[in-house]
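Structures incoming, each one as structure tokens.
Shared between the two complexes below is chain A, which pairs with chain B and chain C, respectively.
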Partner chain A sequence: MDIAVETKALRRVYRSRRQEVVALDGIDLQVRRGERFGVLGPNGAGKTTLIKILVTLLLPSSGEAFVDGLDVIRQFREVRHRIAMVSGGENVGFGMLKVREQLWMFSQFYGMPSAQVRRHIAELLERLGLSEAADRRVSALSSGMRQKMNLIRGLITNPRILFLDEPTVALDVGAARDVRDEVRRWMAEDPSRTVILTTHYMMEADELCDRVAIVNRGRIVAQGTPAELKQQVQQDAIVDLQLSPGNRLLDALRAVDGVAAASVSEQDGIDRFSLHLSSDAALSGVMRVVEGSGRQIRGVQKREPTLEDAFVKLVGRGMAEEEQA
Partner chain B sequence: MSEAIAQWRGFKAATRLGWKISSNWTQPLIFVIYSVLRPLSAAFILVIMYRVISGGAPGTGAYLAFLVSGVAFWSFVQYGFAGLSNGIVEDRGEYKMLKYVYTSPAHFYVYLLGRGLAQLASAAASAVIVLVVATVALRLPIHPLGVNYPLLLSASFLALLAVIGMAMAYGLLLLQAVDAHGYGELGSGVLYVISGAIFPITVLPGVLATLASLSPLVYWMELIRRSLLGSQAIRMFPALSDGDVMLRLVVTTVATLLLAHLVFTWADRQARRKGLIDMESNW
Partner chain C sequence: MNHPSAIRIFFKTIVARAYPRFVGSHRNLTWLVTETLLPLIGTIAMIYVYRALHAPARYLGFVVLGGVLLAFWQNVIWSMATQFFWDRGGGNLELFAMAPTSLAAILLGMALGGVYMSLTRSAAVLLVASTLFGIGYSTASLLPALGIFVLTVCALYCLGMVLASLFLFYQREAWQLADALQEPIYFLSGFYFPVRSLGAVVGGLGSLIPLTLGLDAIRQLVLPGTPQFVPLAWEVVAIVVQIVAYGVLSQVSLRYLELQSRQDARLILRST
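And now, the complex of A and B:
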């Protein structure tokens, strides 16, 4: 098996005067060449920390990491020839440069021949709908356009392994789709390419990734193909319960016998609970709790498990909740 | 070989980037104000103060030449040093691109040198302009045909290397600071005092004088004055021949470069250890 990225007992602790944060707590990971690998986890799970270590920005506190067979600690120069990184959700760029010029400049930092790269840049700008902006200054771009430009910066340098840290965060639906399409296209162009991306969006991981690792509090709690992960919740009955707003109910629901996991999100003034029931019989217990709460039932559905459900079961709570916490 | 070509491409692009960044605000007018008028006015203030204090005593002209050549070349160090060392924190704080440059195969030294080159060049231009203007205005005893150019240029080349080395190491150290504004100027300010730019280092208190005698900039200043003014130059090291001063310049420059490399490597490691390259700073 050809391994593109490997980590062994990777650990990273951030120390400040006041406290210690364990961002990664023993990550063992193997990403195969040619894979689109997703790292999924709530805020603060350690996703960005993992990426930073792999792209030689940050040293681990202990453990090892290899990119394309090279040690990221000792062989960091060689590693840099083979990678590119793109982070989403940040407004970055040399504002005074034209878009085309900034992209060209980065290709030069990778020592690429100019003529060939210019054609490639034009092509990518076209595909991501930035042709018109090519001669505008970077500072004049909207943040979504900058994010697309940032992706192009990562792609033109022809990395063997591309690291994307939340590439579609804060993009509108259309732009996010453009980005995902481009990543898929780029991967299809050359089967030896590998991409590792982090995301909050279950749908994105489900749609884009061959394999996913779910990370929580610096540990991998599960990994496999999206289908395999969904398999883990296949036996559970997933019930969606829409209730009118009211007092906190989540803990009471989790305490009901036969409720394996529960999460909640709010939508249009209605609380949407997702319940994993280990047997259908648990539903009567749930209903008793709901009646006792005085909330009104707006809807109940039983449905197929999604990757999100797998996440809820493994992590014990929904991603949205973690964000609010 | 292909690696050398790749680095050369990176260097050219970085040079262009530095030029674009500095020409963004270095419109000709601003260049004149910052790089010419500021050092000129600094020189004239010193000159006037000195004239008032000395009352036009004999030897004033020679000291004025000492002063002016010091200030002119000082402005080179100041802008070159500050430009080079501030570039790193600018890339991190203002443009937030440092992490992308840093994780590229372009060697960090190569990138930083290219990035600072435009500023070094305009600093050199400002030094020459200040010197010419002051020479004419104050009728200093500097004659274009009498200047020892080989000495001037070789000494300046060595000093340039030392300044670049110090600025890069200092710039990387600046990554440690959350508030990195103005430290570039602070660093060059410290060098100013111990470089013999406005007064001979012998007037400094003991420790500083010793420190100054280890800095290549002092010997550079001495050689500049000797090459520009010949026998008229006020000498900080009357006991040393030109060759001896040059030897000291070479030795201190080599030592400075070695030290700078050590500091750079240490600070680079520290930056990776602490995650400073993409740290949110108060820009």
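And now, the complex of A and C:
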């Protein structure tokens, strides 16, 4: 098996005068060459820390990491030739440069031949629908355009392994799709390329990734193809319950016998609870709690498990941080 | 794996990092006021001070030459040494550090990009102030003076790289230090008066800044009658030694402090 990225017992502790934060707590990971690998986890799980170690910007506190077979601690100079990283929402570069100038500039830090790069930039701008903006100043771009430009920056240096840290964060549906399509296309172009991406979006991981690791509090809690992860919740009955707003209910629902996990999100003034029931019989207990709360039931559906459900079960809570309901 | 040679990347990086500076100075012309007019006013004000004190005409020339080199010193400090502080905040530092290039090349690119502005500024100070106050220079040793000027600027940029590595690591503390040291350095390097007046100890200390010796040497060459601090030849040798010493030191400290910064998470932008 050809390994593109490997970590062994990787740990990272951030120390400041006031406190210590264990951001990674023993990560063992193997990403195969040619894979689109997703790292999924809630805020503060350690996703960005993992990426920053792999791209040689941060040293691990202990453990080892290899990128393209090279040690990121000792062989970091060689690693840097082979990687690129793009983070969502980043605002890098120089506002008064034109888009194509900025892209050219970053490529020069990799020693790319200018003429070849200029052609490549034009081609990628075209494909991502940015040709019109090629001569616009970077400071005048919308955030969606800027993010696409950043993706192009990651691609023009022909990395063997591309790291994307939340590449579609805050993008509208169309722009996010363009970015995902481009990643897929780039991967298809050369089967030895590898992508590692972090995301909060289940749908994105499900759609884009061959394999996914779910990270929580610096540890990998599950790993597998999206289908395998969904399998883990296959036996559970997943019930969606829409309720009118009211007092906090999540803890009470979790306490009901037969409720394996529960999460909630709010949409259009309605609280949508997702409940994992280990038996259908648990539903009557759930209904008693709902009645006692005085909330009104706006809808109940049983449905197929999603990656999100697998996440909720493994991590014990939903991806959305705010769970007041 | 095949990849471009380190030398190739080094030079391409210098040009690429200089590019936004160069382009910026064309696309945004406010610097003509902030970088040319204001320093010019500063120099002229200083000249009036000397005039009021009935200083010999030579002293007006000191001030003007001080103003010329001040442009380069400020470029080194504010547009190069302290630049990583801003780059980190904007996320650029991550991309510079992650690329297979060297931070030294990035810094030299910043310097090169700023040379154009510094030259414009120093030419404005030299021409306008000299014309306005009828300051004459001896042109007999213009060429050696130019040579010393180039050497001095090289030494300055090497020192700038040493300081930049400190900024990389110490960030905010270094910033405060740079701000606090600004005035003492103007004094120590004798921007507005001959170094000789500082005496051997203070002048010697000030000579650690390449500016001090370079300025003194140039003044001796083009303003005959400048009180001699140390013989000219020594000054030239000392500047060359500084180029080598600061050049080597900067490479060592950049390497070491980049490693320390990776350890202490000082290259990355804190996201959460």
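Assume the second predicted complex is superposed on the first by the 321 of 325 C-alpha atoms of A that agree within 3 Å, B and C clash if a C-alpha of one lies under 4 Å from a C-alpha of the other, contacts with A are read in each partner's own complex, and residues count from 1 in each chain.
Definition applied: a residue touches a chain if its C-beta (ideal position, glycine included) is under 8 Å from a C-beta of that chain, and two chains touch if they have at least 3 such contacts.
A quick note: this is a predicted structure, and the numbers were derived from the prediction, not measured.
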Three-chain arrangement built on chain A, chain B and chain C clash or fit: clash
Which of chain B and chain C A:M105 touches, first, second, both or neither: both
First (chain B), second (chain C), both or neither touched by A:A281: neither
First (chain B), second (chain C), both or neither touched by A:I297: neither
Partner chain in contact with A:N43 - chain B first, chain C second, else both or neither: second
Which of chain B and chain C A:L59 touches, first, second, both or neither: both
First, second, both or neither for A:M203, with chain B first and chain C second: neither
Which of chain B and chain C A:I83 touches, first, second, both or neither: both
Chain B versus chain C as contact partner of A:A227, first or second or both or neither: neither
Chain B and chain C contact sites that coincide on chain A, given as residue numbers: 14, 52, 55-59, 77, 80-81, 83, 85, 90-94, 96-97, 101, 104-106, 108-112
Footprint of chain A on chain B - complex, ascending: 2-3, 5-7, 9-10, 12-14, 16-17, 20-21, 24, 95-97, 99-106, 111, 269, 272-273, 275, 277-278
Touching residues on chain A, where the partner in the complex is chain B: 14, 52, 55-59, 77, 80-81, 83-85, 90-97, 101, 104-106, 108-112, 114, 153, 157
Residues of chain C that touch chain A when the two form their complex: 1, 3-5, 8-9, 12-13, 15-17, 19-20, 23-24, 27-28, 90-92, 94-101, 106, 259, 262-263, 265, 267-268, 271-272
Residues of chain A defined as touching chain C within the complex: 14, 43-44, 48, 52, 55-59, 77, 80-83, 85, 87, 90-94, 96-97, 101, 104-106, 108-112, 160
